[in-house]
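Look for subunit A in each of the two complexes below; its partner is subunit B in the first and subunit C in the second.
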Partner chain A sequence: MGRKLLLEKQHVEGIRHYDVYRREGGYRSVEKALKMQPNDIVEEVKKSGLRGRGGAGFPTGMKWSFLAKPDGVPRYLVCNADESEPGTFKDRYLMEFIPHILIEGMIVASYALGSNVSYIYIRGEYDWITDILDQAIAEAKQNGWLGKNIQGSGFDCEMYVQRGAGAYICGEETALLESLEGKRGNPRIKPPFPAIKGLWGCPTVVNNVETLAAVVPIINEGAEEYAKIGVGKSTGTKLISACGNINKPGIYEIDMTISVEEFIYSDEYCGGIPNGKKLKACIPGGSSVPILPANLLLTTAKGEKRLMNYESLSDGGFASGSMMGSGGFIVLDEDQCIVRHTYTLARFYRHESCGQCSPCREGTGWMEKILLSIEKGKGKLSDIDLLWDIQRKIEGNTICPLGDAAAWPVAAAIRHFRDEFEWHVNNPEKCLTENFGLRHYADAIHVPV
Partner chain B sequence: MVQFKETSLAKVKEIIARYPSGKQKSALLPVLHLAQVEFDGWLDVPVMDYVAGLLNIEPIEVYEVASFYSMYNLKPVGKFVFEVCQTGPCMLNGSDDIIDYIKQKLSIGVGETTADGLFTLKTVECLGACGYAPLMQFGKTYREHLTKQKVDTIIEECRAKAN
Partner chain C sequence: MEVEINTIKVTIDNITIDVAPGTTILNAARQIGGDVTPPAMCYYSKLEGSGGKCRTCLVEVAAGSTADPRPMPKLVASCRTGVMDGMVVKNITSEKVTDARNGVVEFLLLNHPLDCPICDQAGECHLQDLGYEHGKEGTRYQFARRTFKKEDIGPYIQLHMTRCILCYRCTYVADQITDKRVHGIIDRGDHAAISTYISKAIDNDFSGNMIDVCPVGALTDKTFRFKNRVWFTKPVDAHRNCTTPGCCGKATLWLRGEEVFRVTARKDEWGEVQSYDGKPGWICNTCRFETKKTESWTIEGVTKISRHSVIGLNKYQTLEMPKETVKEVMNGIEPKLLMDIHSVSGVNNPKLHLSEIEGPAKSSDFKN
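On to the complex of A and B.
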């Protein structure tokens, strides 16, 4: 069993409440941090190797060190709790069951960054979790961890929760800031980056829930100890939310050394695929990252076992690899239809495009329509090339990465499952009642070009 | 005339105090949530104009935002709103069947409200709970691992509440 840092206390009764959380060692990292120099905390986080858990994997300590510090201008910490990437539901778990770990991490981060006011931007649908966070914040305040002059340190720290209102794009950090300012969630053109001009034009750090929670064990255990867990540039632990066709969907904290095969099949994690079915495909890091057929998922093109970490999941680039992304692990069994699944994702991105850039606004709509017509047995073979062409024209040509996020799932589905698309076109009647099935997708590796 | 209850007005004040002075527009999303709960589950134009007045911003700034976010209803909805997730991971676990079942059971299509004004069915995109599929948003929380029986029970519960 791997080390647990974030979920270590998940089964302690009442851990959601302050008294129990504190009794179990909660808020020690704040006590420790308040005795340190803010910059030394940033250095610790750098040394820990922590990478942003929101999806992009950007080194957190480095991001913190970029924060501009002009005199007389407030700085802000904003927690990204928008959690809307299909397949991802890990932050919800932390906030719902162990809310104080987020608040604790945010206090340490606020102190390190010199931010006296921070906001948790949470997706609007998590209405009941907003209440849980509000209550936890009130408890922390009553006990002197928030408010003026916390723990007699001279440092003031306020924290507020703000609900979004149903828009995936508000997970993109600049759209999130717009939304927090009471506007439509239209991503901003970068630069300037939030570290220079963020919330209300002030320097701002935006971090994911899990990233901020991970600051707690880093300060408690020390960066070196934290960095010993995991492998290579995948240090520490990672929360994976597993869903789709598996026996035990849920949240797992892994130490990034286990293999994908072990993660799917062992009873400690997903517990295999229901009803003895075979694995067909998997999206290992949230809907935006490339889907892989079973063979390429379990073994890299080099023939090595694929591991659950940043480097191994992306081994082979987009030709034969995928990405860790947000850790949203979606498993498809042999009876699932790749065309249908890809269509639902295309519909998602069309629905969520903010509409500012024409390649994204128009392209996502076209892809959805074409995929639906192929799914309904009304497609042409040339539609597959057209899809490929559209996704290429979106990728890299937009203001924010939602364009890429919409393009990649379609590209990867065609790259690896082209014959299934062709079968749909060539069997317009049959594809309405039958599925293509597993065919060769679990066979020994053939690397697509 | 549109007017918040005293408690809601106090809440609006509290929300505005979270931001630096002059940045009260930031309160727009939370205040629209409050308004939607208080005024029958949707945002009519007079309600939006009222919110604009409260926050000292132009009505157009409110319309822009209300029309952007999918949680704000710009048309009347039923007393109970079922918002069933239909994105990939939920589809893998049978969300399409649940949507069809609700349609048939209530004799309405997606986006429609029953004639008695009790139920509205909506489909939504990923609710961030894919491991508990199929599921729907129902009021403040989610109803997860839906089955046909569970849908029946929820509908009965609602009918009982409405009586």
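On to the complex of A and C.
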């Protein structure tokens, strides 16, 4: 049983409310932090090895130390709660059931960064969570954790929740800032990065919900203690939102030392695949990371056991690995069709592309149309190469990572499941009623009992 | 001793040039000129905030700077990337760039209707030029193209969204010239569209400049639509004393005979409006749409067009006859014509008035 830091108190009744949260030891980290120097907190977070939990996995302490601090210019902390990646729903759980941990983490981070006004940008679909957060902020303010002169320390901090209007692109940090400023949510061209010129042209740090919540145990327990959990550069605990063909979908807090096999099959976590079906493929980190077939998911190309952490999941690069991403763990069993699955993702990215730069705007729509025609049995063999060529020309040539996110799933599906695409083209009628199943593996897949 | 560094060195396609700090790669390449300059569909040096969107100007940075000579991992948009001292940039010498640019052009043409034969922009269209240089001969796209209804933005401008490549230039013009923003992009992705707020007219004296900045035929001059092909008209530089504040009064008139078919702002070699005294030479709607008589203008002379489009041949300046090559390939033998109808038939007889002949002309009519 792994250590739990964020979800430790999840089953305490009434933890959503201030009184219970405070009784259970909440806001201790703020008390501790306000006695420290802001730079020491940044150093502490650096030492903890905390990596951004939103998807890219960039070291948080490093990001904080990049923040420009010109005189007389306000700095901002923005919490990215625009959790829109298909398969990812960890932040929702955290904000819905333990909202105070986010607010606590944000107060510490605001103090460390010198932000007197901090924002939570939440996706529009989470409207009921907006109310929960608003209530939690009001409670925190009532008890002197927000507002002027917090706990007599002389530090002022206000916090606001801003709802988005339901656009995936607004989870990209610069599009988020544009949207927060009240403009159309188009990503900005970088550089300048938000750490230099962010919200209203001022230095800004944008962090994921889970990242900011993780600041609380780091300050409470100390960076060394936090860094002891986990392995290598993957320190601390990570929330994984597991879904798809598994017995127990839900949110799990893992300590990044367990293997993928254990995560899928043990009763503590996903509890195996229902109805005795076999594992076909899995997207380990939210819809935009490459899909992996079962054999490459459970073991790396070198034959080692794959672990649930940043390094191990990306072992082998995109040729035989994937990414930790945002922790949206989507499991596909033998009855799932990879072509249909890839089409569904392509349709999502086509719908969510902001339309600002041409490769993403035109390419995502094109890929969707080709995938639909293959899925409907109307494709040609040359379409598969065409898809590969289109994704290659989108990747890396766009303003923001949405282009990459749209290209990677298509690339990985073709890379690992090309024979399934070819079968779809060669059996235009059969593919409408039957499933390709697991036939494409040259070797029998090792399936744990 | 203090030495102020006021220029930095940048190498583009093996050509080194000194530029001012803060210059973008694209502007440095424009200072060199020629083939080294990346094409730009959305960047417009006179419009603040433009660029970075179309991705045609992508270049490879082989070395970031002298201080940090690491290459940049991805291709960068040259219009929005500043040069560093000692930066090494590859444009046409990089296969990666050519490949990516061909891809971008394919993407831009994907939903473009390619209705050049009926498009007023044909002949001076940047997308046409780009298509000639980087496009494929055929399309790999086998689906229906997206279409939109034509829309009138005010009495003078028509928006044909089907042709639009979403460069955002016109939105910057509208943003920077109108007090109240009414023009922008609605929807997103491949169904994004330029629109005024619920088909409102842009009410501004300078709205016509949106036509000049449009790189394709999405915004056209309603006073010129379908009147003529640009290559049949003769561009001349002219000026007038315009009373509209902010109007430079310097324009290019597009003539056919004595008739002014179209008035546009004067453009430089990159297809952008020329600057006068450091200010972009925008012209007002009165000059553009309502002053279409040669008497109202002082004509300065024939416009020199340095862009490489079909109207850029400068055929109006000097008329060169094509060389007769038959004699050359026939080893000096004069071509023997079967019949020179001009000398035989007398069709060109100036004394003969065809209108005076009753009914169709017969050969006997010419022999008199």
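Quick notes on this one:
What we mean here is this: the second predicted complex is superposed on the first by the 439 of 449 C-alpha atoms of A that agree within 3 Å, B and C clash if a C-alpha of one lies under 4 Å from a C-alpha of the other, contacts with A are read in each partner's own complex, and residues count from 1 in each chain.
Everything below uses one rule, namely that a residue touches a chain if its C-beta (ideal position, glycine included) is under 8 Å from a C-beta of that chain, and two chains touch if they have at least 3 such contacts.
What you see is a predicted model, and the numbers here were worked out from it, not measured in a lab.
Comparing subunit C and subunit B on the residues of subunit A they touch gives the larger count to B.
With both structures placed on the common chain, the touch criterion links A:Phe417 to neither subunit B nor subunit C.
When the two complexes are overlaid on their common chain A, residue A:His351 makes contact with subunit B and with subunit C alike.
Of the two partner chains placed by the overlay, only subunit C lies in contact with A:Trp366; subunit B stays clear of it. In the superposition on chain A, contact of A:Ala167 is made with both subunit B and subunit C. Once the two complexes are overlaid on the shared chain, A:Ala242 sits against subunit B while remaining clear of subunit C. When both complexes are overlaid on chain A, the residue A:Tyr76 reaches neither subunit B nor subunit C.
By the touch criterion defined above, A:Tyr27 reaches neither subunit B nor subunit C. In the superposed model, A:Arg184 lies in contact with both subunit B and subunit C. Contacts of A:Gly328 after superposition: subunit B is touched, whereas subunit C is not reached. For the contact definition in use here, the residues of subunit A common to its subunit B contact set and its subunit C contact set are 167, 184, 351-352, 354.
For subunit B in complex with subunit A, the residues that touch the partner chain are 18, 20, 23, 25-30, 32-33, 55, 57, 61, 64-65, 68-72, 86-89, 91-93, 124-133, 137, 140-142. The residues of subunit C lying in touch with subunit A in their complex are 51-55, 58, 74-75, 77, 80, 99-100, 103-104, 106-108, 110-111, 140-141, 143, 165-166, 168, 184-185, 187-192.
Only residues 74, 83-89, 91-92, 119, 123-128, 158, 160, 162-168, 179-185, 200, 241-245, 249-251, 287, 328, 330, 332, 336, 340-341, 344-345, 347-348, 351-352, 354 of subunit A touch subunit B when the two sit together in their complex.
Across the complex, subunit C is touched by residues 167, 169, 184, 189, 350-359, 361-366, 369, 386, 392-393, 396-399 of subunit A.
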